[in-house]
């Protein structure tokens, strides 16, 4: 192994392990602010360090600190303390590992060696995701059962049977996809979606397999225990469901596990149905061959974008009531300056590439990989937004409705989809 | 059995006892005739006119129910329009000068004026002339406070003091709207049954200075109990309440009707015994001066009883039959001697011919029935020999002086079960081996036998914050075969066959069971 | 070397898991130990480059079957006091172990008699999904379909047996 | 005043509605519209920025309790226990005693309300026969770091003043 190999392993693993964790902050902030805006409220807007509130991000920091320093209670009546502590760890670990096989950029070629941009460079792809998400049910069952609390137990019962039921339509939806893509490797799948159809329609999963997309997304919502399928928590009837007895950091781990699972399933949805890391209409080869024009376009677009972004910040970052020398305006100025400095740095790099880089060199490959990572993350963020958006739109299902939907609607539809897809694929040769 | 007769009320046939007036006869079958001045113990006076009822085909057509004997075939009208108008008009008359200060009146909640207003009147006042004002907060002596404005001049208090106590301190003076109850100048109420007038008063005119403003009547929980103040065993109602964050406290004792024992009344001393139940109670159980859990004390005492050559138990003559039987059973098991020495409970020449007795122990007859020795010589002899002495709630300081107690138990290990501190004398109690805080009579159930040989049950409704064992539990903790009240009751039934027919002590009739003299001999 | 170490680790975990399955008193703990064994077995499959079997082991056995078992144990909601008292379990365990010694000895003997095969690459793409699928759907098509049918019949039978009987309602 | 009843036809029967997804997307379009509007310009939010912008409270608002006094400064309360009897939260604790200021016979020796348990239902105000307790102080925020401080006593409640003019308060009562 060369040094480059080792560096690449570290980079890949850290991206696949830490990006989901970093996205926690994005998820939580988005959850709150989107909820606020949808309901015509403002969301968290108070917590700040020296007046810098970073759009609500500091609130997460405050909450994290609170949860970390809260008293960690394990009730006397908890008989199996080890399992009780193990439960949140399982759900968090399963969530993080399930992201390991999702490619976040096309295979990177450096010095003639190619590196698969996944946490674990393995080709079992989507089956791995299905296998690992199946484990998260252990965390829920153990949490609910070892809490020795009827609400927790009921929550765990609901949650576990829900996860087990929805795994089936999810797996069946994936099968019809696999018939189309002809591979279970997520990298292959992503690359497949980089092609275009008739020259202008990207061959995304959502267009090839709309029914499978709907089934998979619905099942993914259920697997993550998200509204409208969050009966496991059902605070109105079950208080808080399986994590009722958990406090402080153990609760926080459950909480984070849920968001990481959301991130992972968003990533899988994006990879399966929304072209993965591909920038629409531009496949990797095209970008690498035309690195100079691409860099130039970026060079122009970024400041223009920043200009409007700054205007937006100015408009919205101000106090909502009469105030002399509004400190939030000063705050907005700081944000804008920071962003301009960031843009300036990126511009310098782009200029350097424009000036010195040749097509098909390491720099070109790296720039494209970075662009693809950004694209991937933007797509995942949009998918996360859909999660949040759905949560604040659709009310919770009743439990029998939930099982009815899973077994009587999604399962037959998924089976039908397999038959139809198989027939079409065979007919088209 | 009394003879039953049939009569008609509002056209419906009812069967009532003969020889009673209409109010009493119909009350037995659940028909209420409103009245102020009539009281079964005081007889009919007929001054309030509230109990006027119609007699169909009778002459006169309207009669006071309190003065009319129920007769066979009588046709009584209660809901005729003219009767309703009479009731309404009487109520209106009573309210002309009534101050309507229910918010500050202690009677509110158990006031006949309030009840009858809701039932029989319920209209706004038509008066526009100023009300006649009279004296308020007049001290009648004997702990009775009088409010002349609230008085309905029914004369119950006056009649009670004339007929029952025969002291006659009160009288009705003036007439019309100036009529009021007064005591004769310089002679306030001064007898040992004076507070009964507070219970007799149907309205809030007479209130007890002791209970005044302490608690509202509707908050009070009631427990049917027996007064433990003397051997008469008056039937009482224990009115207690546990306020939020506070202890369960008895606010007052009221007499409960029992023709066999106390009629309708009780003495003033008896009323005040509730204070002993509330205040200055022993709270902690100690072992060698240190507060310890009950189980440790029991274990220690049991070991000492086993080792001892001679053990003496002292029971209280106020303890219930069950408690006595439980201690007896423990004594039989351990070979100990039981004494109920309690000469000090008898106060010479204190009693009278009405309710108050010399003997201040509630269950001395029961002690005799169970055959427990109580003579002084027996106790002295045993005390000298004993090396373990266990007191089951006997207030020995009443019978013996501190030095006497100290001399008797100078080299004896003592376990003192007591309800109040000082029952073995202050000096002695510092030296005792262990002490157990016991429940008092308002906190346990049981049966006591009064001086007339009537066995009566009582219910303890008070639940103190500090949990204490009662004597049955203490005996059981020391190893008595009677492990609970039910087992102890079975032992009692074995000793006293007259009680054997009742399954549990709660099945005893409310008026008590008269034990004949030869029961004691068995 | 590296593979051997991993194999030993997985084997040890599998053995520890199965021991735990037998030794723990509480069914929940036993079931979780079984899950651990299943996962470590999956690891051993992976070492044998049987990719599909590895994944199926994870999805079906560790994921679905064990989750189902744990789920049902959770349903029973057994507490320490509900468990039967097993006074003589250690006697039984030791007796069972003693009884198993000849069997183990026999097994070892059989193992040793099998001619050793050198570790060798068993063809490119061995154990991958594509290879397995091709074998299944060409050479073994008829048995595969028959088994599918059998499973379907079982499934329908289970549903029919578990279904609500409307007649008994009235 | 009777509640306005609006009858809506039962929905969800047509095939398009039974597919459910279409209706979900319609709903999501509504929420997205709100989201985008507020994201574009957050000055339309229906939010009062509370500590800085104080709410207007009507005279009928049930805030913290106060005990009223006669013009001569003696408490109107006669310790009749009506409020305590009616309190559904069991948060009023009164000790009564003989009156010493000569107004009537009875007065509260202590009058404690445990605000931690109070549910601000206003039954005490309605039950009071003397108009001695009111919840018209206009104080709606009450916090404390321990439970004991949440109990307010008689002197404190007597010292509080009404937050509204008397006519406005009476008008509020009539409105009910």
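When the chains are written out, they are named A, B, C and D in that same order, and each has its own residue count from 1.
In the analysis below, contacts are C-beta pairs under 8 Å (C-beta built on N, C-alpha and C of every residue); 3 or more make two chains touch, one makes a residue touch a chain.
Bear in mind that the values here come from a model prediction, so they are computed numbers and not experimental data.
Looking at which of A-C and A-D shares more C-beta pairs in contact, the answer is the pair A-C. Taking each chain's centre as the mean of its C-alpha atoms, the one that lies farthest from the centre of chain D is C.
Of all chains displayed, D has the C-alpha centre closest to the centre of the whole protein C-alpha set. One simple way to say how far apart two chains are is to compare their mean CA positions; for chain C and chain D this gives 63 Å. Note on chain placement: the centre of chain A and the centre of chain C lie 33 Å apart, centres being C-alpha means.
Distance from the chain B centre to the chain D centre is 46 Å, each centre being the mean of its Cα atoms. Judged by the touch criterion defined above, the protein chains link up one after another in an open path, with no loop closing it. Across the whole structure, chains are in contact as follows: A-C, A-D, B-D. Those residues of chain A that touch chain D in the complex are listed here as 34, 36-42, 214, 312, 315-316, 319-321, 323, 389-390, 392-394.
Taken together, the chain D residues at the contact with chain B in this complex read 78-82, 85, 90, 93, 96-98, 104-106, 129-130. For chain A in complex with chain C, the touching residues are 79-80, 83, 123-124, 127-128, 130-132, 134-135, 137-138, 141-142, 144-145, 148, 153, 156-157, 160-161, 164, 167, 184.
Of all residues in chain C, only 26, 28-29, 32, 35, 51, 54-55, 58-59, 62-64, 67-68, 70-71, 73-75, 77, 79-80, 128-129 touch chain A in the complex they form. The touching residues of chain D, when paired with chain A in their complex, are 21, 24, 27-28, 30-32, 34-35, 38-47, 49, 52-53.
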